[in-house]
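Each structure below is given as structure tokens.
Paired with chain B in one complex and with chain C in the other, chain A is shared by the two complexes that follow.
Let's turn to the complex of A and B:
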């Protein structure tokens, strides 16, 4: 098992090194290097990694014990125990890790394959694959980490890769801004997470998961609450929860495969994974759990509403991701880490499918070839969503109601998107057409690509495969309890806190009804009354502006956080440091020169004057001696 | 002649040689060969350290002394690490292709001699002599071979640091005097002074000791530099030639931190513990202030200069946590900052040599013209903003964990530096390398790195990566020098 886990880390590294060293010999990192064949070692690595991670999952499912071993000492100082710090590089494979890893590698592998078709002809083809694979590598490392600091390393690696990919088309101002926004917002969360790590190092004296969780009894409750809360803030940034979700909708400035990878497999799942990993800490602090549930419910609902109002296909999907992540957090807060993880896995499959479909739509504007695959989305997500629904209802009526509302809402926005995109042929309102290219909101990447209208097998088969896996796993793996057994295999959670309930037909029917109600309503609004969508925009421009600004949260962050910091930097850097303090010090030095010129008047080389000074000094000295005696 | 005497005398002799040879080309050859030899030699010095390293090694001392003043040298892990940093950075900085007169090469060799002498001195008197000696070649390097504002910057540098040295001198004279009063014997030897119990609580000299502490701390603080005595640094770094900035930021600033670790903390452990909240807070202020200033800079070199202020704040934070991990983090941060900031200054120098401009707004889209440079710049910049896996993170992380043991608020403020670091580094990077070039941009004149430049940067990047993933050998080297300073367990 160690070997399989190591392969998961070494194969991507080798592929990256090969891509970097051999295939870029002539023009390394040049944006002008041609398509070449850099992607082959990387695709090979994807295949290897997927195979070994599924093998790992099979092992875990077969009842193998968890793997947890140290590879080498990263940093260690101050001796063992609470007075020092000792962190290793290590590997951990357990049910949770194996389940997420299996999803991440399979989904990412298919998205890599899709990207071959999508990025063909782009001048930065090779560079793209290096960044893309770095993204996957970081996520694999994150899932396989056996301590918090190593997890943090890959956590930041994921952030870096997303920064590079969002800003991939760097000539565009909007891409650069979005990349910066993503990195900085994530850094805010990272700093919170890092501080939680400091607190852990201080109170537990170790950062290894097994050891930390074994010592939780010794840590005071208030410290635990801080640790859990700060970690949740970190997860808020990565998993796009309410105060820090702002980067995600902008993040689709990157090429579509990036969005697919980011929304499905590699980036946003990291926060939920961290929370599920830290479940032993979370379950001890019910207050923080309530807060997590509230944040999740709020984010899920708000994002569902916003998704319903957006016109850009990818933007709708982005907000739908935020909404689904809110549901996962809701599940966590409601006390069911299993439901959250299951939904994470399912969401990975169907969101990747949806994004690739969106990419195909952008690619084949006007040709709705992907409408069949669309169905894979709701099907696969249904059962895991149902789990959350159940968890929420068990916890409290309010959360249940929230989950139901979100279910209706997601039915609404997904339905609306599907209807409008694939069946909504309404040339009579050209200003309100939902297709990105015609609203002007889209970045028009389809038209910038010379191959836009080619039918490329690399664009077709990965989508079909993803849809197939979504349906397969949604229908076969979740309800039969296989996923449940896998996620709960050899857990760090003690006992078995989340029993697999047989499918509750009542609740399931309710969830199905909610989703169907949403879809029905969206059909009514989009198809039966097609004018509704642009009429409310025309009639209530204020409302539309409010929706566009996410109810004012985006401008609030700009005005109350970003601009004050910039103003402070301006004040400190220019007004104070350069114009005041530096000038004062230079003036002081100049006045010394003036002083010294004055003093030099005393030493004009006249011997008698010197003798006078000496005599005076000697007299003073003698006087002082006499005084002391 | 002992190994350590040879270590600092050899570059002095080479400096003389480089000055006297007839042509600048020959002078450059002398400089390159001798610095390369010194790099190899200083690495070879580690042979006696292969086993457990605790005390001073390779000691040489003159048996006779005048009032305790005598020649005494020796190295422990901390000194040795800084010697390596000196020889490495001097060699790499001089290896960058360029035409310079004899005096330039001679000055750098003299500077190297002074720095190595400083790091191996075990007698306070010689420590001070070397401390002053390094100012002179650096004054010439800035004042003669710097850019347009060089004279002003050179005078500002020398006045500021000289004023600091005066306080240092007062403190250094007081220490042996105290030692004499406490033990009845004269000694300027640092190991003796460390053992002196004169500043213990209840000692009649305790009141005076606090003043001596302040004077010495002030002298070292100018060098680091600590707020608010930092004004000389942006000017000096900006105006110095690239190699000068590399040595200035990479090694000379470390002399201040080294002074704290070698003299101040061991001699006055209890005053240091009492000063913890103040100097810890000052370190945090350095981190935040330097980062905020860096955010608004328009000159690449000035920007990097302010990041030095920010990064050295971590050294102070780690040191004054007085914990094992904090002290190790502070020492690692010295080496890490030397490598990454040295590399950054080298790269800005490579840009400046080609187009004679270095404003952030003078460029755009550089990664299309110089993709290799873009890669190296991004790599080093990420290390500088503390991306885990690269070296910068390890030092900052350990410093802050140490501080988190003794003061959570200070650690919380210090960790904010991470956000600010991204906020100053990435916009500038995007502007220079990603954004389209504007009117009158210097980008078209730019060319990519040549082979030798790439070799230099690969060396630094390899070290950056190594120290980011496996710093443990260096920590093991440093720890015995630091463990006597640990007060908080």
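Let's turn to the complex of A and C:
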């Protein structure tokens, strides 16, 4: 198992190195070994990684003990014993990790394959694949980490790769801005997470998961609450929860495969994964759990409402992701880390499918026939969502109601999207087209699109495979309890915390009814009364503006956080850097220039002058001799 | 005025004349002449005190200095010849070592 886990880390690294050294060249060695074929080593690595991670999952399912192994000591300070801290570089594979890893590698591999078709012909094809694989590598490392600092390292790697990919079309101002926004927003969370790690290192004396969780009894409750809260803030940024979700909708600026990867497999799942990993800490601080549940419920509801009002296909999906992540957080807060993880896995599959469909739709604008059946999405999500309902209902009625509302909402927006996109007649108003041209696509659209690959198999088969897998997993794996057994195999969670409840038909029926109600309502609004969508926009322009601004949260953040910070930075930069320090440095430099000019006046290259200096020196020497005498 | 005082004064005067030529003249030939004056001012002391103290070291030193001066004249004159091919063969125009 160690070897399989190592392969998961080494294969992407080798592929990246090979791609960088042999393919990513301005002057290719041969037509078969140039920037146009960087994807081959990387696809190979994807296949290897997927195979080994599924083998790992199978091992865990077959009852193998968890793998927790130190590879080498990364850094150590203060020597062994109390007061010292030693951080290792290690591997950990348990049920949770294997389940997430299997999802991440399979989904990412298919998205990589899709990207081959999507990015073909782009001048940055090679660069894109290197970034893309770096993203996957970081996520694999994150899932396989066995301590918090290593996890943090890859956590930052994920952030970096997402920055590079969101700003991939760097010649566009909006892409650069979105990338910066994502990076800076994540930075807020990262700092919180880092402080949580500091607190942990200080109070537990170790960062290894197993050791930390064994020593939790020694840590005072208030410290634990701080750790859990700060960690949750970190997860908030990565997993796009309420105060820090703002970067995710803008992250659409990257190429569509990036969005798919980010929303499904690699980026936003990291926060939920961290929360599930740290469940032993979280479960000791019920106050923080309540906060998590409230944040999740609020985010899920708000994002569902906003998703319903958006017109841009990818933007709808982005808010839907935020909403689903809210659901996962809600499940965590409601006390069921298993439900959150299960939904994470399911969501990975169906959101990737949806995004790739959206990418195809954007490529075949006006040709809805080419798009793939997306029925796999809602089915897969249904069962795991159901788990969350159960958890929420068991916890409290309000949370249950929230979750139900979200289900109605997601039925609404997914249904609306599907109806409008595939069956909608063009509404009268041009600005309410379901597929506006202002989507986050970097290329010229329509006839100027140079990448007309309507029949590119690379665009079709990964989507079909993803749809197949999400339907398969949604229908076969979740209800039969296989996923449950996998996630709970050899857990760090104590005992048997989340028993596999028999399918609750009452709740299931309620959830199904909620989703159907949502879909029905969306059909009514989108198909039976197609004018409704633009009528309310016309009648209530203020409301539309409020929706566009996320109920004023985006302007609030801009006005109350970003601009003051920018102003402060300007002030500091101007006053302390330009006015004070720069002037001091300039004065120092000027005085050195003056000094050297003065000194260089002593050697003008004039022979007579040199003789003069020599004579003066000799005279001084003689005077000195006379003086001593 | 004792003889040693006379020799001392003459040699100092010779030395200062040579130094003045070296400092003030811009023609290399004149500067070389100044240099010879300075060398011989020193030589005068060697010869005089060699005789005064009956010490052969003074005379041999004087011979050594003459040999060195001859060598120096060879090198210097070669340099002067090379320099004279320039349009302005004075030392102010040869200042590539300006710092």
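Keep in mind that, in the parts below, the second predicted complex is superposed on the first by the 544 of 629 C-alpha atoms of A that agree within 3 Å, B and C clash if a C-alpha of one lies under 4 Å from a C-alpha of the other, contacts with A are read in each partner's own complex, and residues count from 1 in each chain.
The working rule: a contact is a pair of C-beta atoms (placed from the backbone, for glycine too) under 8 Å apart; a residue touches a chain by one contact, two chains touch by 3 or more.
Computed from a predicted model, the values in this text were never measured in an experiment.
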Contacts of A:607 with chain B and chain C, given as first, second, both or neither: second
First (chain B), second (chain C), both or neither touched by A:556: neither
Partner chain(s) touched by A:615 [first = chain B, second = chain C, both, neither]: second
Residues of chain A that lie at the interface with chain B and also at the interface with chain C: none
Contacting residues of chain A [partner chain B, same complex]: 27-32, 72-79, 83-85, 89, 149, 152-153, 156-157, 160, 163, 167, 170-171, 173, 176, 179-180, 183-184, 187-188, 190-191, 194-195, 198-199, 201-202, 565-566, 568-570, 572-574, 577, 581-582, 585-586, 589
Of all residues in chain C, those that touch chain A in their complex: 19, 22-26, 28, 31, 91-92, 94-99
Chain A-touching residues of chain B, taken from the complex the two chains share: 156, 159, 228, 231, 289, 292-297, 306, 323-325, 327-329, 365, 367-368, 371-372, 374-375, 382, 387-389, 393-394, 397-398, 400-402, 404-405, 408, 411-412, 415-416, 418-419, 422-423, 426-427, 430, 434-436, 469-472, 475, 479, 486, 488-489
Residues of chain A touching chain C in the complex: 599-600, 602-608, 611-612, 615
